[in-house]
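I'd like to ask you about the structure that follows.
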Amino acid sequence: MSLLEIDNLSLTIGDTQILKSIELSVAPGEVMGLVGESGSGKSMTALTVMRLLPHAARATGRVTFDGIDILTATEDQMCALRGDDIGMVFQEPMTALNPVKTIGEQVAEGIRWHTKATRAEAEDRARKMLDRVGLPEAKFPLSRYPHELSGGQRQRVVIAIACALKPKLLIADEPTTALDVVLQAQILDLLRDLVAESRMGLLLISHDLAVVTEMADRITILRHGEVMEAGDTARTLSGQLHPYTRQLAQASMHVPARARPHLVGTDQPLLQVEGITRDYRGRRTSLFRRAPDIRAVDDVSLSIAPGESVALVGRSGCGKSTLARMILALDRPSSGAIRFRGEAITGKSEAELKPARRDMQVVFQDPYGSFDPRQKVEKLVAEPLHVLEKKPTRAERREMVAHALHEVGLGQRDMDKYPHEFSGGQRQRLSIARAIITRPKLVVADEPVSALDVSIRAQILDLFAGLNQKLGIAYLFITHDLTVARAITAEVLVMHDGKIVERGKTNEVLDRPQSEAAQALVAAAPDLHRAIARRMQEQG
Amino acid sequence: MTMHVDIPDETLAGILAKAFRNTAFVTGFVITLLILAMALISYIWTPYDVTKLVIADKTQGPSLAHLFGTDHFGRDILSMVMVGARNSIAVALVAVGIGVGVGVPLGAFAAARGGLVDEALMRVNDLVFAFPALLSAIMITAIFGPGAVNAIIAIGIFNIPVFARVARAGALAIWPREFILAARAAGKSSTQISIEHVLPNIATLLLVQGTIQFALGILAEAGLSYLGLGAQPPMPSWGRMLFDAQTRMVVAPWMAIFPGMAIVITVLGLNLLGDGIADILDPKSRRQR
Amino acid sequence: MTAYPLKRLVIAFATLVLASMVVFAVLEILPGDPARLMLGMNASADQVELLRTQMGLNAPLVLRYLHWAGGLLSLDFGRSYTYSVPVIDLVRERLAVSLPLALIALALSTIIAIPVGLYSASRRGRAGDTVAMGAAQLGVAVPNFWFALMLIYVFAVWLRLVPAGGFPGWGAGAWPALKSLLLPAVALALPQAAILARVTRSALIEVLNEDYIRTARAKGLPYRAVLWRHALRNAMIPVLTILGLQFAFLLAGTIIIENVFYLPGLGRLVFQAITQRDLIVVESVVMLLVAAVIAVNLLVDLSYAVVDPRLRTRS
């Protein structure tokens, strides 16, 4: 007997069809993985079960939870279910908690509401629940406010709220997407334990096939609001009978074809970073006192040869983006020196930096935020031409933009469009076109594929690899994703607490990590191969 | 306080199409256009000459000859309302111009520089905000003499910190965006970035604030001329007309009703226009639909 | 004390000092001699000189400022030139009208606006919301002094329920006094209430779109409980900001409204003092009003910290 049974569910919002005849079930104690790329309708499926859809949404079909017909239940019945029998965990822990209420109030609130417990009883239960999710009273009293906790800790609070009354079903919508790999592994472990403890059903929603494979007994693969394939995790993923399943799995494990790394003479390093440190002033705690300075980057040295691809990996907040900004001369180091092609770039004026800027470009993570929405592609892609000594004429400029667009697989006609007319993947291509238009020697890419769906990610990685071969561009790839590092770079630097703790050949470091930080990263990183193999053993 | 700035990602044609489906915008736009037209027409034609006193026709109620009635000097109220529109609009518009012209560069500069420059500017802002605007306007016009020009200066000065604050808050929300970092990596100076990237992206915010300040300017001008500190007779102004009406409320209520309605409709039109623009350009309101 | 309240306190004090310098300087740089200005063009040189000495105008600038500022601190504002009484007496007498007027108006505006804003936000897009916000839109557009005239016409001239103007004084009993403050307070309050209702509604709607509202709904709280327990407190910050700003508006508003209703309040005092060039009264009353605005803004800043725990970081 299933706990949750979704039968022929269709959903429209306005005139847009969001879901088409969805079939899905979750049994008690079972983990059901719901996988799909962005826009596939995963979250809407979850919100339908919770009946927290936008007003304009219309659902048809049947959703049965524990014998109750969800779609026809009254709002009062739903309120009784939510938070008591069905708990839900959301993607964004930073905004999921009310900033003006303590974590104790927020956990106890649901308990008091549903059980009519006294304040003291509810607080007692809240205390136990917070302790259970790894926030012991001694370090995290109930009187803490959300802003005093980190992202991972806040997600634990959200889980405590969702599981406070031992729900029969927990819905977790991308619960770890906003967290780094080490935190992700911890949160997934916690969810797994909670499921095992109370025979709770878990509907785990994720875009990450590896995460779902590690967690789920059965999976349902969603695309454009339709179920593509569903079944036991091991059988579905090892068989890969459905073409879309195969496509997803292959894209997740994609490694661009690369010949040898393209090295252009190795006599002089392209980039040398020598013992740089960056301190931020501590926050003011009172008028005359400050917290001690925060050392974001601590005595880091590295060098990149022409044409070489280097990965810089580390957990979020380890200082890797600060390091990248200093290399790009967007931030000044507190001490140390950065040399580009042998010339110091630290402490120079913007005018003196122009030659260096020509040869050093950047690709950012967010394909949506990295373009001014008010300008056309031609102007956006041409922006770095600003640093050329001789200003190109309008015709020359159009020519150069057209060429750069061609190199990233876009057409000349795209020049007169606005950025919003492109998809996420295409925008990342635009980013790359902008980065290569001045024929740079070095491109710093800060998490360039982590906001993209897996199939798009594979294409963009191919593009990076191809440009390295063709133009001899060296890359500094900043990423928390080890598969990306492995796919595209030969050398890797592991950063932890502002320091480089390990460096070497990418494969060697990732296969046999020496430092504790690198070991933690490798152990936590979800790996589809490994996960399928383990599932195969378990499920036969 | 931080400000949330969403950048609409649409083309002009798309925005216009949406604009004409937005009731608030269309209503506000039409009202504003009509008031502007009325003010412009008054330069070439009014039903009666507003400078000529016809005592024989004094305090007549609305009729076909005088749609809005006449005042205590026998002047046609409709004609006076038309001419008064000129004064109100001119004062409020120029005052907005002063606010935008001085305030926006200041705010954008403070946001671009940050640190001490920013802190100093915000403290000056606090200082100006500590003076109730109308009180200071009364002081300025009373000290330097009543008249339209001094009214403009008095209202304009208090528009400066408003626009500085809005421009700064908007710019602060734009500066951490990745496309600004990209522009910096392309070697653009902070002035260039402010002009090329920041200002175009906060333009809509400023437009909305502009309509609000325009409306507030109309109200403030009416208040000043009601106290006898705005445009001086024989130039008609809405506030002055209300002052003249006050003691004659019992015998000639139309003297108060029509100029007041003119103010209400003008301000309403501008506010609707501002609401409409904000509504059209705010992606959040779109998502709801 | 933690950093935030202390910082606000220091800023408020600095603003007050700077404001006093500005007021002093403005009256200092006035075109012409203040004594001559006060006495008018027909005064003789001797009369002007006498007044200059009386006003201490012959002392050096800095000393004069310090003397004046010191006087303010000890509530010695000097003597009014036109009324020939200490300014402090005038102020005390006039405050007895203006302060109740402003407070009644503020209370009235808050009592009307917050429930309307709540109602509208929770019924977003439905008929009730449309009607309430239409009325608010109209209310924002109405100049308070014109509204006052209309109120006088309807309630005083036509219905004869309240006096059209004037103030009997508190000595005549509380009810007659309050009755004559009623229309002025309504005239001041309604346009402000319209603004406040709009701000309350949009602040609530903004908060209702936040992720944590969804978390609260997922806990099983019904919509109303979410509105009261989670949304309202978070929406308080913009509402408090507007309340603070409105205080300044109300103060300035009293200048016009007291003129409409012939109320012997602070606003009318300062307006008459300006037209009569009674500079000592002008600078004292202006300083008093500015100090009140700064104090209210400080109060608003401090109340942010009560509402928002992120502002009271532990030291």
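Labels for the chains are A, B and C, by order of writing; each one numbers its residues from 1.
Note that in this section contacts are C-beta pairs under 8 Å (C-beta built on N, C-alpha and C of every residue); 3 or more make two chains touch, one makes a residue touch a chain.
Here the structure is a predicted model, which means the values were calculated and not measured.
Visitor: Comparing the two chain pairs, does B-C have more C-beta contacts than A-B, or is it the other way round?
Guide: If we tally the contacting C-beta pairs, B-C comes out ahead.
Visitor: Compute the centre of every chain as the mean of its C-alpha atoms, then state which one is farthest from the centre of subunit B.
Guide: The chain lying farthest from subunit B is A.
Visitor: Need the CA-centroid distance for the pair subunit A / subunit C, whole Å please.
Guide: Each chain's C-alpha centroid was found; their separation is 50 Å.
Visitor: Cα centroid separation between subunit A and subunit B, in whole Å?
Guide: Roughly 46 Å, centre to centre.
Visitor: If you average the CA atoms of subunit B and of subunit C, how many Å lie between those two points?
Guide: Roughly 22 Å, centre to centre.
Visitor: Taking the touch rule as given, give the residues of subunit C at its contact with subunit A in the complex, in rising order.
Guide: Touch residues, subunit C against subunit A: 1-3, 6-7, 10, 210-212, 214-223, 225, 229-230, 233-234, 307-310, 313, 315.
Visitor: Can you tell me which positions in subunit B touch subunit A when the two form their complex?
Guide: 7-11, 177-179, 181-189, 196-197, 200-201, 288-289
Visitor: What part of subunit C is in contact with subunit B in the complex they form?
Guide: Per the touch definition, subunit C meets subunit B at residues 11, 14-16, 18-19, 22, 26, 30-31, 137-138, 140-143, 145-146, 149-150, 152-153, 157, 206, 209, 237-238, 241, 248-249, 251-253, 255-256, 259-260, 270-271, 274-275, 282, 286, 289-290, 293-294, 297.
Visitor: Quick check on the complex: what are the subunit A residues that touch subunit B?
Guide: 14, 54, 56, 328, 330, 350, 353-354, 357, 360-362, 364-366, 369-375, 383-384, 386-387, 418-420, 434
Visitor: What residues of subunit A sit close enough to touch subunit C in their complex?
Guide: 50, 52, 75-76, 79-84, 87-88, 90, 92, 95-102, 106, 109-110, 113-114, 145, 147, 158, 161-162, 283-287, 289
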